[in-house]
Each structure stands twice: as structure tokens, then as C-alpha cells.
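These notes open a run of structures that come right after.
There are two complexes below, and they share subunit A, which is joined by subunit B in the first and by subunit C in the second.
Showing the complex of A and B:
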């Protein structure tokens, strides 16, 4: 097996290197000549405990509001640099009874966020005061969490999509790793912003039925599977309605590779070998 | 920790990497900042103040949402419009809200616009060595009921003037305001009365024209403009659609 094309995470291009010489060895923090030390080389540097780059990452998450609630969609892949390392990762999670959270980016940071949210929901439940945290509150909590970590230069390397329904009102929001946050009728992270949002802008309507909304999401996920190299053909959809959160079992979509151009790809190529 | 403080001081506003796509930039590293674009304008009149901002929120060459408000009502007579890095803007707004609540508890009254102007300057300078990347225009009525506009840079340097614009379309809009408004330029000596003799509706029309013009050439300005008018009757809000390209 030839692994010469394998690109380990943490290598070029994520790290800050001031010269190409440092590119080879700067994934190990050298005590004197570390990647940041071009201007103060006399100071010995302790190993960094701050996140510099992600390792195991998930790709896009999509979200749309529809007539009765909110849908989130993602694939179940987690990549390690250029390798699709894990193919059964659930990147959607229920938060309490009202909200679903989807994450792209570093999977271990998503798992840490899930731990914190579990504690938050448990504490909320234990108050037993007739109130429960809704999507608005969870969105604000996540925003403060991400922004707080950004202020310490130690981000949780995720883009989060939060969808929920409370008191009949649908809510759909995003928080990025530096604390940028917003709400909208349809959202996407990563590649989804480039490939799916234009389709949403063209075809989304406020009164879509569940079937129509799922069809729209599947159309976009298919485009992402064709065009995003970190995506795989195995998806999950989270459906949030007043009744609660339901995350589907993973499933695949029909793909079409029978284009004439794919049949003999080298037909038009001229070469000497 | 010392090395991090030094690193922070030399931190430039480098482009942030898309977290799921490798880029071809060698040497670009994680940046705590992003520019989410947008433009803010305010015009002060004899007894009114108009504050406006577009509603587009972007990152890089993508539009995140077309309907995001950059305008924040801090007090009854004072409105803050800010563009720049949205997370910092929102954090700044919450900070000022908290401080205003404390002021109200301690003084049994709302802060005046000039007082809020000073507070905003101090709040920005407090983070002089890790700034709020926020370009602000504060507008409202002063203690005598006259319109006032305060304009800021990211670290709190400010002045009161008759009109101002900040943000990505600032350089497109400011010369038009200089030309059209009959209020004194801040450069004139001796210093003159700083509000414009335009009527309220003339000022609103001018705002609409300037935003429509800025949206033509500035890619980060567009989708819609939100206009807030403060006068002795209270606060009123208008919106106008802008080009979505």
C-alpha cells in the first residue's frame, strides 16, 4: 500500500511556520525553535496546551426550518487529515427535549461540549421548577462558551448548528469557533455554506412539509457528497418538533455515476504514457 | 504566559482558516478575529437623530445571513450601531447593557447619551491590548434634546460630530455626507454647531440614498438597511431593501 499521499493532520497547512524549513519539523514543539519563535528565540517554550489545529474532523452540517419544526442533517464521517478515518460517527445530538445540536470540526471538542451540555440539562432537570432550557438559552450558552474559549486563545474547534422548537416557535442558529453567532431560516457550516446555502436560498419556503424539507436536505447532502472530499454517502437527519427530538438511523442516498464522461475518463487526455 | 502576551501584541488580523478545508496559505494560523462586514451611519439634527446600518452579515466571500441587526438600543435616548467582528460587537453590547443596569440601580435614572459615549470609550480602551474589533457609531439626544452623534475607532478614540459613518462602506459614504449635509465639517475653526439643518425626513432620504449607493460597490454592504429615528416622541424604526448581490 502506498501511503505517500497521506497527509497527517497538524502538518502543513495548519501550523504557523515562518519558513519552509520549519514546515517539516514544527509539528513537534521544539523547545527553542518552535513555530512562533521567530522573533524571540532565546525564550524556552513549554509545550502548548492551547488548540492550534484540529485532528479528527467532521464536515458540513445543514439545518432548515419547516412548517412543524426544524431539521438538521449531517453525514457520519470523521476525517483524520486527508483520510476518512471513522465512518459511523454521530455528529447530531439531542439536547433536552427541545433542541438538537449538530457539529462540524474537531470531534473531541464536540464530545467535550456534549459533556458540558449533559451537565447543563441535568442541572436544569433537577431544579424541577416547571421550566426547561430551550433552544434560545442553549444557543446563548454555547455562544458564551465558544467566545470565552476564543478569548483565551484556546478555541473549541467547531461550528455548531442548533435547532429547536419551544412553545410552537422554531429556532435555528449557528455558533462558530470564535463566537460569531446568528439565526436564520436555513443554515450550513463549512462547505455547506458554499454548496447548500445557494440551493436553500432558491428553494426554501416557510410552509414546507416534512417530506419537502427532507427532500431539500437530501438534495443538498447529495451535492456535498459529490463535491466535498470529506463527505461520505451515509447520513442522519434530526427532526425537532414540539413533540421532541428524533434522530434517524444512518442511511444512504442513490448516486448517479453513469455520465458518459465517467465511462472512459482518459478518452480526451493526451499523454506520452 | 509572557510569550502569549507578546504573541498577542504581534497578532495581525490574518484570515481565519475554514475549519474543514485545507487552504493553500503557508504561514496563516488561527486568528481570534474575523470581519463580518457591514456599514453604519448616523446623522444628528436639531431635535432628532437618525441611526442606520445594513443587515448583511458575511465572512470572507460568503453571506452568513441577510437579516442581522447591527443596531442596539442601550437606553431610551441612545442607540449604538456597530460593525466589524460580530462576536466582539455582541459582547460589547452586553457589557454596556450590564453597566447601564448598574447605573440605573445606583442613580435611579437612565444614562444620558454623552455619559454613555464616555462609558463606551472607556470600555473600548480597557481592552486596548486585545481590542473589541468593533467600529461604532453612537446616536441619540443629548441632555438638551438636540441630536448627537459620537463616532469611535476600535480602541475608544471618539468625538462628537454632526454625522458619521463606520464600517466597510465608510469610505464610500463619508464623502457623500460631507458634500450633502449642511452641517459644519469637524475641521472648521472656530468650532461650529454640530447638527445639520436638514429636516428629519430629508435626513432619512439621504441615508437611504447613501446605503443604496454603497451597496453598489461594497460587497459587504447590502440585503437591507435598518433605520432608527430618535426624537422627542420616542424611537421609530424603518427598513428598506437593498440589492442582494
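Showing the complex of A and C:
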């Protein structure tokens, strides 16, 4: 099939009419980069096999360790550029019985990673040797996967949060699209790094109960809803304990938009804006 | 001999970019642009029950280097109006200085205390004229006859009127503290607590901000400028032997002693008129 005239469902309706002139040029309409042709990158007009930019993206994922396990939180939105296109996307996934994975970034790459992890877990199960892949092993696998793709200049465009509990030990780590990986007591991806990590650094404690940890996550998710344009007020929390992984149903948080000072902000300063 | 007929156009204000092409060519040939001093910065403002609290960190950077560990980012505009500045340090200093002088002249002309909206309008018209090239992002706060006011001013000349505002590279860290802790009708102690927590979030989570916390509390009674209200980054190690440098550490290459009396003439004369 010839995709040289392919135009992604556009957000730029004024380009739809010029499609008749594009017999030779391959013309792509990107939700973030805007309309451009493929010689944009100075490479010859061969079909590009490298992921250059993400299309459908999820925003931050947060993770904290607490007394009995690990909690991951994310909203259920997937944006297409500046539109919030899908509002019921589960960006958290259980991996085996010991680990939960949360992903931000390109959703199709997250789905590909899910397929690979499902195969990995199935193969591990088929060994039937009394042992199963724990969070440390999954983290390492994902790191090798992401770094390997990065070296081929064809990254999986995600930042992954991996949390799990095995043999009473909590584990919480991150792998980014270029293969940077680390573990910590509290992690975040994307905007969460700027808005949630400061709160975690101030208020996280090792001996938090489940309720306290959920309250801390909800506080940060509310700040993200207020200040991240791609976030929506619909969240899920994954709870990983020795007993297994439980991902909650989506729910909303109580917001407050009715501060008196915001009602008529220039009341006291007539003429300003 | 041809006459060159150049139409003289009077300058209309704003920057002249005549030398931009030459500069770009020089850069291509390897000349390096000087790094300018920025205030990486976390600056915040908060309206509480009786007035306004402004806060700022104290780190100034030149590229990757901290050039001033304890600079002052809360600038005086009027006895009842102060302004925190983020962005290029020269721009914030000079714009606030200039507007402060204009406000003083305005006070003499009108015989009244300055209002915050006056300062706001002067600053924003200046910044808009320079189309964002004057890189000053400001948090302006004060109390005048109409009450307490807080404004955020952006380099291109737009403004926001808000009950709480943050600017600078540490603004997200500080805003996360404000968003999670802000309530209406805060008391003075609660306000100071939240503002210094927000600045500390910037200091510890943003690389462009650091060192100490400055606060300025303005009410209708007056202002309280708390320089270095918190110093959460003390120098924790001092060498037990001390730091003196005895003779012999620096090599002396040559010595020449000249008596000054031969070169200086002391004259008696009248004192200069002071008036």
C-alpha cells in the first residue's frame, strides 16, 4: 500500500483542501509538530521506520512505597496533541502476581510492551518451577528492552514506573525511553517530577499506612489535575502487596474552584487584568 | 558620485536589531556570546487576611555557575509596594529601579501614596514595548488605599491578578506547595509558613534556585522586609585549623618601596560647598 499521501486525522482543517496538490509530496499532519513533509529531517524520501515523535500520549504516573507495599497512581486520559482524545484508558497494568507497571508517553508503545510482558510472564509460568519473575527481574527486562530500542534510534516512547513486592521487600523503579533506570522510595514521570516530587520529598515517610499513602498520592494527583493541561479528574490506583496486585476502579477527586479571590480577581484593582 | 538617499526614520522605541546579522555571522565564525547573569529563581506571592507576603530565594546564576549565593530578588518600588524578579538579573533590576523612580515622581506630582495598579501599568507597558526582549518575569505585591493586591507580570507584558502566584524556574515546585496548602483567610503565621515552604520546595528541588529564603510582608500599617528569614543551606564544614594564609604561601618575585611624600602635594584650601 502506498502511504505517501497519508494524512493523519487532522487538527488542521485548512490543510484538507490542499491534499489534491500532494501527488508527489508525502504530507503528514502531526498533532504537535504540525503539518510538514517527510524531508523535514533532511533525510532522503525513504519511508521512515524510526519513531520520531509520539502521537497518543498519557501524562504523569506516580509511585510511592508504604509500610505494606507499593502504590502506583495515574489518570485515565490519553491525549492526541492538545486534545484529550480518550478518557478511559487504563495506564496501569498488573504483571504477574508481584508487580504493577504504569506508563506515560505513547500509548501504542505501552500496548506493545504489555504484549511482550504477557508473553514473558506466560513463558515464566510454563516453566512451572516454583519460581516467578519478580519486580527486580521485570525492571531489568524493561531496561534492556528500552535501551536496546534506543540504540537502534527507534525508541519505545514511554516513561515506565514499575512497583512490586516480593518476599516482603518493596521495590519501586523507573525506566525511561532512553534507558535511564533507577529505584527510589517515591517516583514520578513527566510533569509529576516537577509538581509531585517536591511534595513527596517533604511529606513521604517509610512507615506510612495504606490510608496515609493514598492521601499523599491523591494530594499530588489533585495538584496535577489543577496544573497539568493533559490531566483529567479520573484516577486509578494500583496497590501491590504480598497478597498480589489490585487496580482500583476509576474515581474522581473533590476539587475546589470557588475561592472568593478567584471569583472577581480584579475587583480591587479596577482596570488591571 | 552617487548621492545615497537614505530615508531617516526617527526611532520609535524598542530595540534596534541592525547588528543581528553581523552578530550571527560572528557567532558562526566562533565568537562566543557572553553569558548573562540570570536569577534562576523561585519567587512567590500570597495574599493573606491583612495583606501580601512576598518570598524569594537568593541564588543568581551565570550559565552553570552560581555567581551570587545571596543576592536580593525582592526589589523596592514604593514604601507600600515591593516586586520579586525572575529572569535576566539586569532586566529585573533596571526595570524595577526605573519604575520605582517614576512612582516617586508620580507621588510628588499627585500628593498621594502609590497604588499597585499604577506600578503594574507602568511595568507592563514598558515590557510590551520591548516585545519580550526585556526578559523580566515579576511578582508584584503591595497594599494601597484600595486594599492588598498581588500580580504576576510576564516578559511579553501580560499580567495576572491572583491570590497566589509563583514565577521562575522553581515555580512548579512552589506552585505544588501552594495548590496543596492554600486556604482562604490565612493568618500571618500560616501565610509565612506556606510561603517559606514554597520557596524551600524551589530551593531543594530546582537547580536554578538555592541558598536562603527572603520574605517581605506588606500590610496597611507598613512593610517588614525579612532578609534571609531562613538559611537552610549553611556552610556545614569549616576546617578545624582555620583558614589563615601565613607569609611564605605566595612567592614574592621583586620588592620596590617608594615614599609617597615625594609624589603627593598637600595643599591648604577652602572646603567644597555642600549645598
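Here are some notes:
As a convention for this text, the second predicted complex is superposed on the first by the 219 of 273 C-alpha atoms of A that agree within 3 Å, B and C clash if a C-alpha of one lies under 4 Å from a C-alpha of the other, contacts with A are read in each partner's own complex, and residues count from 1 in each chain.
Here is the rule we go by: contacts are C-beta pairs under 8 Å (C-beta built on N, C-alpha and C of every residue); 3 or more make two chains touch, one makes a residue touch a chain.
Keep in mind it's a predicted model, so treat the numbers as computed, not measured.
When the two structures are aligned on the shared chain, A:194 is found in touch with subunit B and with subunit C. In the superposition on chain A, A:271 makes contact with subunit C only, not with subunit B. Touch counts on subunit A: comparing subunit C and subunit B, the chain ahead is B. In the superposed pair of complexes, A:147 makes contact with subunit B only, with no contact to subunit C. By the touch criterion defined above, A:84 lies against neither subunit B nor subunit C after alignment on the C-alpha atoms of chain A. When both complexes are overlaid on chain A, the residue A:226 reaches subunit C alone and has no touch with subunit B. When the two complexes are overlaid on their common chain A, residue A:247 makes contact with neither subunit B nor subunit C.
Shared-chain residue A:57: touches subunit B; no touch with subunit C. Applying the stated contact rule after C-alpha superposition, one finds that A:136 touches neither subunit B nor subunit C. Comparing the two interfaces of subunit A, the one with subunit B and the one with subunit C have residues 191, 194, 197 in common. Of all residues in subunit B, only 2-4, 6-8, 10, 16-34, 36, 57, 59, 62-65, 67-68, 85-87, 90-91, 130 touch subunit A in the complex they form. Contact residues of subunit A toward subunit B in the complex are 7, 12-18, 20, 23, 36, 39-40, 43, 45, 51-54, 57-60, 104-106, 143, 147, 150-151, 153, 155, 157-159, 174, 177-184, 189-191, 193-194, 197, 230. The residues of subunit C lying in touch with subunit A in their complex are 47, 116-117, 120-121, 146-149, 151, 159-163, 172-173, 175-177, 179-180, 182, 184, 197, 201, 204-205.
Residue ranges of subunit A in contact with subunit C, taken from their complex: 191, 194-199, 201-202, 219-220, 222-223, 226-227, 259-262, 265-266, 268-273.
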